[in-house]
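Please go over the structures that come below.
Below are two complexes that have subunit A in common, paired first with subunit B and then with subunit C.
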Partner chain A sequence: MSAEEKFDVIIIGAGPAGSACAYILARAGKNVLMVERGSSPGSKNVTGGRLYTYALEMVEPGLYKQAPLQRRVVREQIMMLGENSAVNIDYVNYDFGEDVPQSYTVLRAPFDEWFANEAEKQGAFVASGILVDGLIEENGKIVGIKAGEDEMYADVVVAADGVNSFIAQKAGLRPDIPAHTLGIGVKEIIELPDEIIAARFNLQGDQGAAKVAIGCSDGIAGGAFIYTNKGSISLGLVLNPEQVGQKGRSIQEILQDFKMHPAILPLLEGGKTVEYGAHLVPEQGYQGVPSRLYRDGLLVVGDAAGFVINTGTIIRGIDLAIISGAAAANAILNSIEGTHAGPLYMEELQKLALLPTMKMFAGWHSIISIPRMYKEYPELANDVMRFMFTVDGQVPEKMSKAMMNIAKRHVAVKQMLGDGWKLFKSV
Partner chain B sequence: MGKVIACYKWVPDEADIKINSDHTIDLSKAKWKISDYDKNAIEAAVQAAQVLEGKAVSLTFGGANAKSSLKDALSRGPDEACWINSDLASEADGFVTATVLAAAVRKMEDVSLVICAEGASDTYARQITPRLGAELDWPVITSVSNISINGNTIRAERQLDDCIQTVEAELPAVISVLPEVNDAPLPSLKAVIAASKKPVTELGDKDLGITDLTSKTRVQSQKAYVMIRKNIIFTEGDALDQVKELVGNLKKEGIL
Partner chain C sequence: MGVKQMEAAELLSLNKFNVDEDEPHIELDKEICGQCVEKACLYVCPAVLYRLNKNDEISFDYAGCLECGTCRVMCKNKGIIKWLYPRGTFGVNFRYG
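For the complex of A and B:
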């Protein structure tokens, strides 16, 4: 094969994982090809959009300052929706993002394009609009990729091709993905003037809010998110596709109901939906990570490796993608022409705290799989609040008794104890 | 052995164009692309160059942002690219663009054929091909849906409203092609990689020795138009009456 057909590393997918990997490798002088299926990096992405900036710091200190970020998140909100009511927990910390940058909302189309461009500036070669059809294997080792008629060789191939990674499947590292391990995410970007966003979410300047909500999915396992951007908000739902099917409801309908909820509508009113999309989301946390993340000549990073943490209150994916991309790059740099990069990659994932963090949150998946989390408990919370704030001139029920009655109305005592035990055990 | 030039325009993606409430057009969020029809022109030039055993050259007249177009153009097959980098491009009318392109064609030696698309996907003014022909004093063939080249003769099928006309001309010539002329394939991985190694010539408008580069027409405003709906609901009488009334109305409007 000629020199033109061989790279040191080929990266499949120009999302945050791929670009982080390409950036570090190219900076170190490696000959890197990053192949992107979309017409430009980010064009295929639907992520709601929040980036914990520590991850970009690991790629290059100060890099995040040039990134097209939206708003600095200072306000964290958790909402439990009832039929016609809502319990809202609002935590604001104005130190967020001052000394220690923590998180910013992002729009992925401009962010991914910027990040790939930064990798290109370091010397990586980015080829967009190219679908990788498969891998080239020789004597059990992955030695390159196939794209249409073309074959291209490399010491190491990095699969950064996202949640339904066909590359990891083709390499035999992942089975065809069963529906119950995934969420289906739908999202809209709704344009609103910045002063209206600031007023509705109680923000100033570049401050941003991140809101998660439960009790808005018609009892289906899942929840909603709202992120404030510059001049727009991102709003969406992540739902269990199996249960959506069983309920016989369309996802758009559930999203529409959420948007029309009296506690949500005033946030959106007058806005214009300028973009909508749907995508799969890895939902299983640590349990969803394939038992093997490498083969000789192949490393799997980002969503393709199932690196997502959803605790119900925070959703992390972009930062883990970047960290795993960095881990793969470090492993390749520490190896001799990619030989045995796999075990080194696993070491890096430990060292960069990715796998230990995922393990730490491993139990959370069993909490979010408690069916009562999506209907009974949010309703219970709303009833408790109603009792506490109702003044009608009658003698109120005794507090303890009232609470017990409310609880019993929604969940059997035995179930509640069981769920409590599950919560305690998992966390 | 002559060169075949494919002219293309770097245009905002129409999918990203926004209309403001006052009907003005907002291009600030638009990505830019090679005008879709021009992709067929580039492919036609690559094919013609093979027949003529010459080089295919992509040629564009655009501002600084058109630099991003070069790699894309080259990945579609031309051997080299030429970019006239000028701020005049954004305000240019057909006269200026054709004058610039003709000067660039003259500067390149041994050109056999210039291929444009019938019109650009943003303005679709259909000015460039005839004007280029006049500037170069070469034969012009427009609305081409099929090309064959034999020696120094080009034979082209012109797709007209209700017939197909076959025309022959001696090279060098200027032609404009319709999208039907070929299926412009998506660039392959190797073509994309090879594109970055192909030669690019960058020229300024001043390098072309043109004295008059003043647009003869100036765009005064560019606004979206609003279709006013009539919102007529036929409620009188039974279904048959309503249909009759609907048909009557459509006839009155000249639709039927």
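For the complex of A and C:
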């Protein structure tokens, strides 16, 4: 083994977790190698998506200003779809985040490439187009990586390889990921001129909108998202794969139906689909985080560690990936040549509020697993609205009675009380 | 032109792929797949690469794979005997993501 082949740290995967880690380590003068299987960073990655800006601020204040971000989100919309109707909640806040805008829509191919490049500018080596096949272990310690014929060594290896998390599995840190802990995301990028996006979503300049929708998944647990970008719209679904299998309907078909929904199509009309992507999401929140995130010589960060929060209205994975990458970097910097970096990493995850935040949202998973959230309740909301806005010259039913009837038509009272209790208990 | 329902093949034709002709990254054992009742892969693969042929056997083509991994985690009987990421630089290249 020659001296050149030994690094302080090797990072597997140039997603947001990997690049944040590489950036901070390289800035502090560490000799860092980041290996990415895609021909360029970002070329394998798909998200919703939006980025909560605070995470980039934590890496380097002001860095977000140079990032290829899309639109500054000021509009948050929730849609409950009926078969031919929709209830919309539209919340707009023009000073979300005050000095630093709270969040931006993002496309991952340009964003990840930029972020990896910033890490490179700090002095990290980025090797793209190389698939890491496995780890090198010596006396119970991870000491390097294998890629084809090549072996590379480091004091610490960071697994930032994303949701499928093969590296952590190979290291014996977690078993294979069960399907029920995952969501499958599918997405189209639809090009539309900026003026049209601004008019349809009621935006000005660099303002953006983020929309989530339920009631569009054929009863399958999951929902849809729409994000406005510069010159395009990201539209997609995240569904429970086991229920898709049981339903026997192709997820691609369900996405096509969503596109054609009468409340969605007018937003997209005239647009042109330019890309179709898919990606898994860890969906279990805190419960899905493996009990061990490190072993001697190895730290696991980002999606590979299950760091995603999904409340149905907020999905946070990119920011948590960045924070966990930063936590790993801090831990390595505080250790002596990586020894005992693991326990320090766990401390950093606490200090940087990642684990406490995930814990706070731990109950949400049981709410998003209430099956009635995806069909009965959205239909109920639509029926209530229909009653309230129907004028047909007949004597209408008494309000209280009508509401009772609508409710009963969709959900048994006992079930509704049970769901209400669950909601109350979980949040 | 305009927004319309699209078939999987049409959607995939919009993507940039660099298919590894020499080494399939996913391989099936036809015999195991023949005995599988659920065949979840038919529905969960977003690229719709798993299909039934005339004899009701699974036919599969790895070109067009979006590398999500869903088929692998959903495969009950381990008819998918190999699932690896494509070798470096091969496979899908997202331009937007």
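To be clear about the criterion, the second predicted complex is superposed on the first by the 424 of 427 C-alpha atoms of A that agree within 3 Å, B and C clash if a C-alpha of one lies under 4 Å from a C-alpha of the other, contacts with A are read in each partner's own complex, and residues count from 1 in each chain.
Going forward, a residue touches a chain if its C-beta (ideal position, glycine included) is under 8 Å from a C-beta of that chain, and two chains touch if they have at least 3 such contacts.
The structure presented is a predicted model; accordingly, all values stated were derived computationally and were not measured.
The superposed arrangement places subunit B and subunit C next to each other on subunit A without a clash.
Of the two partner chains, subunit C is the only one touched by A:278; subunit B is not. Once the two complexes are laid over each other on the shared chain, residue contacts for A:93 go to neither subunit B nor subunit C. Comparing subunit B with subunit C, more residues of subunit A are touched by C.
Aligning the two complexes via chain A yields an angle of 50° at the C-alpha centre of subunit A, spanning the centres of subunit B and subunit C, rounded to a multiple of 10. Applying the stated contact rule after C-alpha superposition, one finds that A:130 touches each of subunit B and subunit C. Look at A:152: by the touch rule set out above, it reaches subunit B but stays clear of subunit C. Once the two complexes are laid over each other on the shared chain, residue contacts for A:33 go to subunit B alone; subunit C is not touched.
Between subunit B and subunit C, the minimal CA-CA distance in the chain A superposition rounds to 5 Å.
When the two complexes are superposed on chain A, the residues of subunit A that touch both subunit B and subunit C are 128-130, 147. Residue ranges on subunit A touching subunit B, taken from their complex, read 4-5, 33, 35, 40, 125, 127-130, 147-150, 152. Partner subunit C is touched in their complex by these residues of subunit A: 37-39, 42-47, 107-112, 128-131, 147, 163-164, 166, 176-179, 182, 184, 186, 188-190, 232, 234, 241-242, 244-245, 247-252, 256-257, 259-260, 265, 268-280. Across the complex, subunit A is touched by residues 1-6, 8, 11-12, 14-15, 18, 38, 40, 42-48, 66-70, 72-74, 85-89, 91-97 of subunit C. Contact residues of subunit B toward subunit A in the complex are 31, 186-190, 192-194, 196.
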